[in-house]
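Just so it is clear, A, B and C label the chains in written order, and each chain counts residues from 1 on its own.
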Amino acid sequence: MITISLFGRGGQGIKTASHIVGDVAFSSGNHVQDQPLYGAERRGAPISAYVRISQTPILERGQIANSSLVVIADDSLLDSSVDNPLQTVTDSTVIMINSSKDPSEIRTRHKINNVLVVSDLTKLTQDITHKSILGVAVASATCKLLGFEFELVEKSLKSELKEIGIHQEDISRNIELAKSCFNQTACAKIETITKIKIKESPIIEPIYHHPQISTCTITATGNSRLRDRGAWSNFKPVIDYDGCTKCMICYVYCPDSAFTIDSKGSPVVDYDACKGCNICKTECPTKVISLVRRENK
Amino acid sequence: METKFKTLKDIPLEEELVPGTMICAGCGGALLVRIFEKVLGSNVITVNAAGCMTMLSVFPFTPFKSSWFYVAMASAPAAAQGVRDALDILIKKKKIDTKDNLKVLVLTGDGAASGIGLQSTSAAIHRGLDFYYLVYDNEAFSNTGFQASESSPFASATKTTTPTETYEGVMSQKKDLFEIWRAHKPPYIATISPAYIKDMMQKIERSSQFTGPKLFIANSPCPPGWGIESDQVIRVANLAVETGIWPLKEAVNGEVRHTWMQKRRPVEEYLKTQERFEHLFKPTRNGEIINQLQKRVDDYWSSVTK
Amino acid sequence: MKQLITGNAAVATAVKLCNVEYIPAYPITPQTEIIELLSRWINEEKMDAKFVTYDSEHSMISAAGAASLTGARTFTASSSQGLLYAFEMLYNVSGWRAPIVLANVSRAVASPITMEPDHNDVLAARDSGFLQIHAETCQEVLDSVIMAYKISEDNRVRLPVIVNLDGFYLSYTREPVDIPEQELVSQFLPEYKPVFGYLNAQNPISMGVAVLSSNAYSYFKYQLHLASLNALTVHEEVSNQFEKLFGRKYGLVDEYMLDDADYVIVMTNSFTTMGKAAINRLREEGKKVGLLRIRMIRPFPKKVIAEKLAGKKAVGVIDQNVSVGSGGILYPEITSALYHSQERPKSIISFIGGLGGKKISISEFRHILSTLETSSHTDKFPVQSIMLFTEDDWGSVKEMLKIAGKGDVSGN
């Protein structure tokens, strides 16, 4: 069995990508199982999807514990300790990351010794389609890695995109995108998960705790700051203070309390809190807020 | 009544919700809750019915500096009554100090408020419960992926009312929750909009002079559900008011007064901004339905005198 | 001081003695007398509490849990359709660890709709996390409500409790009940002063929050289960304290002529009284038969049941309920408690009787005994639950079916 774990953010089309990969594998005569896993259906929130491909019936369900192939559609997830997309990586896992960074920089930073494929799929997607739905690029590159034929990718794309209501002219552009990604990616040797050393954990017997501990309550109030939402969007607002009239409109309209007003009355953005909705940019009456591509820390 | 909120700059600077929630980027509802809680201040318990805002607090994280209590979809007003009554009992018996008192805010979406939760809401208003009630109306069951609710507008697309060649979306009229509540004659009801923050703050302030139900319905644009870019939320909310589709009004002991009464723009300008109405324009413009929608808005305003 | 009072009045009296502070209510037959009495006493200022009628049982139980978490000692009551209407909230209230006491006046569940008792309503709640104590007499009802608060508010438990009393047979039936002195009850059950987790401005808290990670959910749910199991020991302690002050002792089970019995009938609730009468009759006829009543249903007292039934020749369990498609509900819980016991009875047989309040006649008790006797001599063990129904029962039903236009129906 080959196991593929895909990671991205809501709105990037990861679910669509997993369906395309699953369809392609299925129409090649394999047994297939694919599922998305999302905590909340939210744009920008981390989402993962799992695809299992096998010659024989698949006796597994749910999250993949050990991946033959890990596909990371949003490199900001690598910096999140909570999301940890490298968790299922073993010695033989092939890793594909969508990033504009240098592969050796990624290797060093995240201590990766595996076969690593790095492509700037975001740039390819933006160059070809208006809507940056990454899922198509991701699916196509993944299928090439797995050794499938492009005709199958094209066929699956057409039906999957039609299913989710994409218009015909956009479907053609997406096929173009898929072909481009397909051609740019090389095949890789993807190992089946057979004799992998599975990490086991001993059973413990739960003991009774005082209900103050064991009731699902939170007494550490206002602790959601610990969650870094800063990586939800690629673009962040930057204020040109020379033109700012301190009208406070940006502060007022931010749904996420990401602005504070400093002692001089100027708005200051908390980039760890900003999800990049960009309402502030649109509402600013003097147009002094511009969008800048976010760099990873 | 003299207001503390003469301009937007009078907005309280204390944040009652800290950042870091998993609510969608650009959510109209999130902005509404942020402002509402700012005006109410500290010492609030927010009692929540199932909906998008349930995701504000997910173990082990919560953005609330004050208290939060997630209940069930149908019974947030009933639980709110239980909290309010118990607080009153404890204060009367001096088991807690008056400074430990909490303002009770019920927070629900339109799905809970106009359908499954209508019964418990009606009962709470009928009993004269002293509470605030904020409905973020994104016009569908959004948390579950945007299926049609009793608040979904005529001819809008949702996941359970997907337009086809012969089907134009929701075929029922949006439920008039304001009038349903008004029939109970609570002390205060208002409609509010995230594009009219000053109006919103003043309304919350005005409502606070009353003991009893203080009810608010808020227009809550939803980027993934309505099919708009997240940065357009305020623009769209603005158009909802300026086309007359979302009247800004209040009712004090049942007496209605509008707080926006200007020349209206054609509803088409609002409809055009959202993918959920795209089927009315592509592949061809559906003049019949657009006219129906315009007429309904015109009829409403023709009967408005104040 | 003994008075002749109904089961409902016994509940209300206990609630008053416990200084309950908040009573969310919704009327349903056969519970209404409880809330009528309580509201009257409050209005007459004989009781210092707040009474609120809600719009439905679902709302009522939401409010009960919320008020309890805010810090008020809370009581509510329901039955049958009402309990089932509130169903999701039962799980919520126990998950919140709110120590409320709910009196369920058992009534069979629609459809068909009826007013008569059986236990499908209360047993449907067996997975919800509520503790369950089932009473046989009006005295036991009163005593159990008082004990319930003490068990519930103990931090080793901190779970809501259902005290069950049969509709009509207890709820509207008057019996002599010794009503405890207020001072003694206040000594036994002090004022409700939650130390943690109650809502107020000084200690903000987020409650009932979503738990999206499965390991955290498992943790919370295991804790609930452990809390309920703790109630087995807490009940024992509370029961001893109760006996010291009031002179009456309650166990997890109740025995009648059990010691030397070869054959045992297991029952619950008020119909047990009729069972005891049948035992007397059969004993007069020379049969060595006894009865075991299970009083605590949740947590289920497996160990005690296994001990009491050890060494018996045969046991018949009368379930006054039916899990449609399976049989009696308590039967499998009892047999699983005995499965590994070296001295388990040779046969344990399931009987279903008393549905919709149908009287269990002496003919039926005889039939139970003869089935047990046969099974202990032979290897005849019925797998399916035996449905108790007499010729007389069928005769009158046949008449009704005919009147209803169904024609002449044959019974077999």
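Methods note: contacts are C-beta pairs under 8 Å (C-beta built on N, C-alpha and C of every residue); 3 or more make two chains touch, one makes a residue touch a chain.
Worth saying up front: this structure is predicted, and the values here are computed from it rather than measured.
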Exercise for the section: Could you classify the connectivity of these chains, where an edge means two chains touch, as line, ring, star, complete or other? Expected result: complete
Handout entry: Most central chain, Cα average position
Key = B
Fill in the blank from the handout: When centres are defined as mean Cα positions, the distance from chain A to chain C in whole Å is 52
Fill in the blank from the handout: dist(centroid_CA(chain A), centroid_CA(chain B)) in Å evaluates to 32
Problem - Inter-centroid spacing, chain C versus chain B (mean Cα positions, whole Å) - result: 43
Exercise for the section: Could you tell me which residues belong to chain A and also touch two or more other chains? Expected result: 39-40, 216, 218, 221
Problem - Two or more partner chains touched - positions in chain C - result: 204-209, 211-212, 216
Exercise for the section: At least two other chains touched by the same residue of chain B: list those residues. Expected result: 55, 57-60, 62, 64-67
Exercise for the section: Show which residues of chain A lie in contact with chain C when the two form their complex. Expected result: 39-40, 206-212, 214-219, 221
Problem - Residues of chain B defined as touching chain C within the complex - result: 42-43, 45, 47, 54-55, 57-60, 62, 64-72, 74-83, 85-90, 93, 95-96, 99-102, 119-120, 122-123, 127
Problem - Of chain B, residues touching chain A in the complex - result: 8-9, 11, 13, 15, 17-28, 30-31, 34-35, 55, 57-67, 143, 145, 162, 194, 197, 223-224, 230-235
Practice task
Can you check the complex and tell me which residues of chain A touch chain B?
Solution key: 11, 39-45, 165, 216, 218, 220-229, 232-233, 247-249, 251-258, 261, 270, 272-273, 275-279, 281-283
Exercise for the section: Write out the stretch or stretches of chain C touching chain A in their complex. Expected result: 95-97, 155-156, 158, 196-197, 203-209, 211-212, 216, 219-220, 222-223, 226-227, 230
